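Naming follows writing order (A, B, C, D and E), and every chain is counted from residue 1.
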Amino acid sequence: MPLYLVLLPLAPLLSFLLTLLSGKWMGSRAHRLPILAASISLGCALAAGWDVAHGVVTDADFYTWITAGDLQVSFGFLVDQLTAAMLIVVTSISLLVHIYSVGYMQGDPSYPRFFAYLSLFTFSMLMLVLGNNFLQLFFGWEAVGLSSYLLIGFWHQKKSAADAGKKAFIVNRFGDFGLSLGIMLVFVTFGTLHYQEVFQAAPGIVGQQFTLLGLTFELPTLIALLLFCGAVGKSAMIPLHVWLPDAMEGPTPVSALIHAATMVTAGVFLVARCNPLFELSSVALNVITVVGAVTCLFAATIALVQTDIKRVVAYSTVSQLSYMFVACGVGAYSAGIFHLFTHAYFKALLFLGCGSVIHAMGGEQDVRSMGGLKKYLPITYWTFLLASLSISGAPGLAGFFSKDEILLMAYTTNIGSGRFAWFIGLVVAFITAFYSFRLFFLTFHGRFRGSTEQRDHLHESPPVMTVPLILLAVGAVTAGWLGSPEILGGHSMWDHFMAPVLGRAEAHVPHFTEWLLMGISVFAGLSGIWLAYHLYVRRPELPGQLRESFSETYRWLVNKYYVDEFYVAVLVQPAINCSRYVLSAFADATLIEGVVNGVPRLIGRASGRLRRLQSGHVQHYLAAMASGAVGLLVWLYLV
Amino acid sequence: MVPLSWYLLLAAALFAIGLYGFLTRRNMIVMFLCIELMLNGANLNLVALSHYLQDLRGQIFTFFVIAVAAAEAAIGLGIMLALFRNRRSVYSDSITSLKE
Amino acid sequence: MAEPFVFDVASLALAAPECFLVALGVLLVCAEFLFPGQRLLLPALTMTGILTTLGLVLAGSAGIGFGGMFQVDGLARFFKVVCLVGTVFTVLLSQRNRQVEGMRHGEYYSLLIFAVTGMLVMASAADLIVVYLGLELMSLSIYCLVGLLKHDLRANEAAMKYFIMGAFASAVLLYGISLVYGLAGTTNLAAVSAQIAGRDAASEPLLLAGIGLLLVGLCFKVGAAPFHQWTPDVYEGAPTAITAFMSVAPKAASFAVLARVMLAGFLPIHEVWAVLVAGIALLTMTVGNVIALSQTSIKRMLAYSSIAHVGYALLGVLAGTEEGLSATMNYLFIYAFMNMGAFAVVILLAEKGQRRESLDDYRGLAASNPMLAALMLLFMFSLTGIPPTAGFIGKFSLLMAAVHAGYTGVVVAAVMLSAVSAYFYLRVVRYMYMDAPAGGKDVGLSAGVAVALGLAMVGVIGLGVAPSALVSLASQAGIGFP
Amino acid sequence: MPILSVLIFFPMLAALLVLPLDKDRPERIKAVALAVAVSEFLLSLPLWSSFDKTTHLMQFVERHRWIEPWNVQYALGVDGISVLFVLLTTLLTVLCVLVSWRSVTEKPKEFFVALLFLEGTIVGVFCALDLFLFYIFWEAMLIPMFLIIGVWGGPRRLYATVKFFLYTLVGSLLMLVGIIVLYRAGGNTFDILALAENQYPIRLQLVLFWAFFAAFAVKVPMWPVHTWLPDAHTEAPTAGSVILAGILIKMGAYGFLRFSMPLFPNATRMMMEPMMILSIIGIIYGGLICISQSDIKRLIAYSSVSHMGFVTLGLFSLNTQGVEGGILQMINHGIVTGALFLAIGIVYERTHSRAIADYGGLASVMPVFAGFFMLFTLAAIGLPGTNGFVGEFLVLLGAFSSRSWAAVFAATGLIIGAWYMLWLYQRVFFNPPNPGLQGIAAINGREIVVLVPLAALILVIGFVPNLLLDYMHVSVAHLLARIPQAEPAATGPLHALAALLP
Amino acid sequence: MLTLPKILFAYFAVMILGLAGAAVTRRNPVHAVLLVLAMFLHMAGIYLTLGAEFLAAVQMIVYAGAILVLYLFVVFLVDLRREVQSERFVDWHSNSFLVALLLFLALAYGVGRAQVEVPDATAPAGVLHLGVELFTTYLLPFEIAGIVLLVAVVGGMALARRDRAATTAEEEVR
């Protein structure tokens, strides 16, 4: 095993431990070690990418983790094309966010803790993508969840932050519930958890059935769906999407790194990684596609009316993640991962841009208090614009290539729900462009709506923050070129690169159709931008009127379709009530304790009664004795 | 010849009468007397059986029983006297301080 | 028809302990008159005598004497040892108890000795006549011992009640004996057994009646329900040393008789009376354990506890096997130590004019007298039957015997009731350790009680940890009673 | 050197050394107690290093005749199943002594005597190879525990301690009857190994299974005989809670392993599903009930019910992963719940409150402590990388292999577990700081020394569980080989009950 | 067939039962003692019919003569006045009657079904033989009975002796 592979996760792990232990002493210098570690990791990741690009695929065990009976699980690394891509995304964005945080988190009393957590996250995410077996994936899966939990609740004195962290963890546990069952089913089916062995044996299970809870499933479908449960949780798909918007309670760099670029994409990574299994079940693929499409629309519509700058971006993340799932669902794993790749850059950029704005506004996150920031924050303005264009699918930018690829594949797939997904995708492309630019215009154009105090403190962020913005902007523009399709003169490099792992989903359509589809989606994006410009720059009074005329719809959107409330009413509150009234008060305290305390009490009462039989009157005693004697005789006669 | 069972029945009746008195009387002296009745019932059994079994054992046992009865009477009456000195009562249902 | 018996030395040798005790008793009666001022003379004499007797019992050989009326065998010797051990304890406890209670009668020790004589006779009695006389000798002595505190109303009452009920019980017993005599034609237990073997007891109601009435009388003596009601009242009223004595020695002697009568005499019809004994045992355990729960006086609680323990001990008789008999012996021996220990603490805590018999007097004892509390804790756990105390070994042997004899159901009930018993024994521990002190308690230690406590502690721990010798002895003693 | 005897009796005899010490100089008492506990731990280390992992046979065996008429032996020995528990016991006792340093102010002498006695008896339970000897230790342990809860416990300690005592006593006594029946049926011997050689009739096996179940289920505690546990845990002093949660309740599950499974293999097979169902009820019921607890210790206590449900679920999966997972989970639970109780003891010493509502924002005041507690919390909810994950995963995997539905239901425990533990953590450590907590002392060196070993163990076992699993493989394989793998003709609770009827 | 023994038995039986019944129901204890005395004499008579002449004598001399007289003494010693006014019985004597009746019926049922084996051989009878037996075969019980009487003497004395309890107790305190 190459040394750089060991170093890759080890550097951030050591950095985490050292920073945590020496935090007090390091104080404001605490960022040095984590940044160093992230740099090392990036270097190693590049090395790994280099090796992979030259055809060296590593699959090696590090040491045996768990042995029990025929179960043998190792910590081991699988570095192939998919891993390499993920490694580069993770380490590069991680490094940039590290650097950005030096500025953003300056002066925070828990500064060292923040960097320690960042390192922990980097380590976890690397373990997730590096793993060569399901259990190590699960290890990384849960570890990133932990980092996410810790970072969301970083400002734990705030109840809402602590709540959000907890919520993220618990909601994810619902997904993990399915994932862990899926892993067990994999083990029970294949007798191993090692990727390569499982994938090699995968075709053999077609047609087998498995009975769970009295229901009989096709074995591949069941495995795929259970695994997908995990992805649903981690990637915030319906119905487990509720945690991600709340996760915005965390510091903004965290949102950029974890809740946009890397961790939330782990679900996509999982599906892509397990594509040999998913390929066996069209049912599962359809489910993924439909879930993806529905979530896509769902999140995008909510994003339309959000006023919290980060929440808009958060819903946009959910929506973009859905695209990736749609891609996976229609079998275009490569396209999905490609979108993951590009999205990482422009979404991280968006978040960090938001962070810059928030930094300037002194913590203010409500767009209604912003406006006209263009002249105060020029760098942020331009980079933000690039990111927004990218996400809206402006031709030539990163988002354009990846999104187009997905829509194309959805249109041409033979998965039943493909066309449906394509249509939704198209609509969402329009909506995405609209709300992205709504946000953009509201923030940077028009007049400033905040307090004068805020206005006085407006300032561009320091270079330590803006440099990462610029670097990311480069990514947001150029990342897509790696996968530019042949009709645009590219070579579909990405697809070719990924083919050994993810296979190649060829779109067998005439060039004309391909052009047409591209045109439609570009048009959708541009019209979205135009509409936003019209509503928020030219006719700023219109949105208010629209709000009035569609007040019912507006209310549903603003309240996020009441999904949270629904969960509270259907799951949380009943569980608490059940705990308090049914289990605690009734079953435990009344029923079981009733017996447990009741029997002794009964005996005690009997004792009090029987005690009175001992009346002190000798005649009573004698009578008892005589009766006893007579009774004894009678009994003897009768027996 | 009187059947053995007659004696045994008489003994049983005597024993039962003694028991009845013993259970119902309040005066402890009378209760002691009732004990004597019961003992006599047993004695009658022994003597009658001794006669019919042609075995002296029963008769001899009866001697011992009479001796024991004498001893019992002495001690029982002694205890009663001590009690009477303290309580000025010979009624069994008036001594009920030890109970429950 | 008894064989003609001519007095011989061999018989006398067999009865040497009894003879010695009689002589000792007479000597004590005289000593009281001859040396009235010597306060330590009588206890010293008594103790020496009892220990000598113990030596005689242990040194004596087995055999049958007095024309088959007197039998020295394992059972007899074992029970004699138990009675004598109980008496040793009693003598140790008596001095202080008598001081506290203000008892000055010299007859105390001689009556004690006569009572023990009766017990030894009972243990060896192989004939119903001897059984009856031994029993009376013991009982009459104890009636007197209970009533010796003549100025004490409670003692009067206790003696009175004990006497009335005891006399009644012995009359019933006698009547039962007369019936058995009639139907078996003999009073010798071995001969009775031979007589009734093979007879269909169910078709002879009078024989059943005889056995039943005999059983009633003996159950009264051991304090089994529903013939137990004298126990709490008498135990409470009697001088504490005598209470301790009664809970151990006479009980053991009565068990000796019960075991011998039921096992040597009526074993052939075991299945007939086993049901009765099972019922009595269960009822006894229930009554003892359940009523003890609501007691507030420690003496009374221990009285009910002793009833419960009788119920356990009956399991061994119920089993009707060699193993069961051994278990009962085993148990009574162990019981002597733990119960005497508990009573020693009760005696030690009492002061002149202050009985301190209420459970409340035990609150916070651990703070003021840690050693005493620790010992009481030990005895309480032993009475509960928690290992590694001796109480567990005793209970275990009984349960094992009963299970092996096929009475698993009874055993399950017994263990459940013993869980009930844990509650009230623990209450004492709780009061001592977990409650605030109810006021300072200076406890003057007397040498006798200290020795008794030490002995009891050594016994309870020693027999719990290394019961091998005891169990072997008991099982050897039980041989011959299939 | 008869190492097991030494381990059993050294603390007891050493406890007697504490007795003559001057009770007005508690420091000296504590020092002696600590020295004893540490020596005991060091003495137990050879068990770790000299253990032969390649055999299922008992090791370090000592065998002496004891009560000859009953054929009782003084027989000790450990195999791969029990050796770890001995080590856990000696380790936790050291920590218990340390954590009681300041919290036990009243009668310290008696406390440490009781604690050391307790240690000896517990080691005895895990080492005994003779049923009689086992029962002696099993019951003897009640005495010091009764005192520890009753004398040094919280406000409702009397109720709690008596309840604990009686509850466990009732179960144990039923087992006692079972032991006696088994003694005869197995050829008049109490030797566990000899008894296991026999094959008993199925009806007898079932009856005995239930008799032993009574004792073990109460101890574990399995639903529905768990209600002593919340009271006992809550009211016990910290050291008592740690011992209770860490070791005592393991004895029940250990009993299943050591007695029920090898002695009554067919009955075990038949009772597999009922046991799994009870375990699952325990997991879900215990977890759900935690959600509405307002007392920290009570919450942890109920969580023990849930966690021990995983243990029994694993054991009764009757396959390698399940059983090994179950054993590992027992150790994990000992470490984690022990650690949680230790940690709670540390704050309780400062605040004297167990009510969750009295806390909040503790992470700002005691950040290092919060870190430790976070680790323990994560281990409790089974996060990979901690020991809890390995155990739970193996248990679930075992259950899934045996009965897939069982794993589905049991896995919901993962969700519920995260819910209540994180909620607890949030309410205690996060949220706006409670003004009442201002100015309380940060964690001190002694306390860190107490927590570090457990934290280290959590991580070490989490990453290298084979350190422990290697000890079990052979013994577990041997154990499972005894249990018939074929499904019995009739299975399920009703059939099992019907089989009991004549 | 009505023979003399039977007539005698009938007489004694009726008298015994009658006297006993009267004795247990008389209010005045003196009367009760006297009735029992009379009953004892009839018992002695019935012993005679059973060939136990010496026993009959003992019954009259020891039982009737000594023991009952002791009772009589004690009756006179204690207060009699209230006896005549107070309730004779405890208040649930009908239950007691039932118990006694049941016992009798149970015994009678047993007697009715009993088969006592009467041996053919006749044992040597007579006072002389009785005496020999008493001092040979029954030596042990005889000795024990002696000790029982000794205990009665010692115990009776200790119990009945008027005590200096109050004064001695005070002395000890001092």
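Assume a contact is a pair of C-beta atoms (placed from the backbone, for glycine too) under 8 Å apart; a residue touches a chain by one contact, two chains touch by 3 or more.
Predicted model only: the values in this text are computed from it and were never measured.
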item	value
Joint neighbours of chain E and chain B, given as chain labels	A, C
Chain hops separating chain D from chain B, counting only touching neighbours	2
Chain at maximum distance from chain A, centres defined as averaged CA atoms	E
Central chain (distance from its CA mean to the mean of all protein CA atoms)	D
Longest centre-to-centre distance from chain D, chain (CA-based)	E
Pair with more cross-chain C-beta pairs in contact, given A-B and C-D	C-D
Rounded Å distance between chain D and chain E, as computed from the means of their C-alpha atoms	69
Inter-centroid spacing, chain D versus chain A (mean Cα positions, whole Å)	37
Whole-Å gap between the CA centroids of chain B and chain C	26
Separation of mean Cα positions, chain E and chain C [Å, integer]	29
Sites on chain C at which at least two other chains make contact	1-2, 129, 133, 136, 140, 143-144, 147, 150-151, 160-161, 164, 168, 172, 179, 182, 185, 205, 208-209, 232-233, 423
Shared interface positions of chain E, touching two or more other chains	90, 96, 99-100, 103, 106-107, 109, 111, 114, 116, 119, 123, 138, 141, 145, 148, 151-152, 155, 157-159
Numbers and ranges of chain A residues touching at least 2 other chains	600, 611, 614, 616-619, 622-623, 626-627, 629, 633, 637
All pairs of touching chains, each written as two labels joined by a dash	A-B, A-C, A-D, A-E, B-C, B-E, C-D, C-E
Chain A-touching residues of chain B, taken from the complex the two chains share	19, 22-24, 26, 92-93, 95-100
Complex contact set, residues of chain D against chain A	163, 166-167, 224, 226-228, 285, 288-293, 319-321, 324-325, 361, 363-364, 371, 378, 383-385, 389-390, 393-394, 396-397, 400-401, 404-405, 407-408, 411-412, 414-415, 418-419, 422-423, 426, 429-433, 463-466, 469-470, 473
Sites on chain E touched by chain A in the complex	90, 92, 95-96, 99-100, 102-103, 106, 109
Of chain A, residues touching chain B in the complex	611-612, 614-619, 622-623, 626
Complex contacts: residues of chain D adjacent to chain C	66-70, 107, 110, 132, 135-137, 139-140, 142-143, 146-147, 150-151, 157-158, 161-162, 165-166, 169-170, 173-174, 176-177, 180-181, 183-184
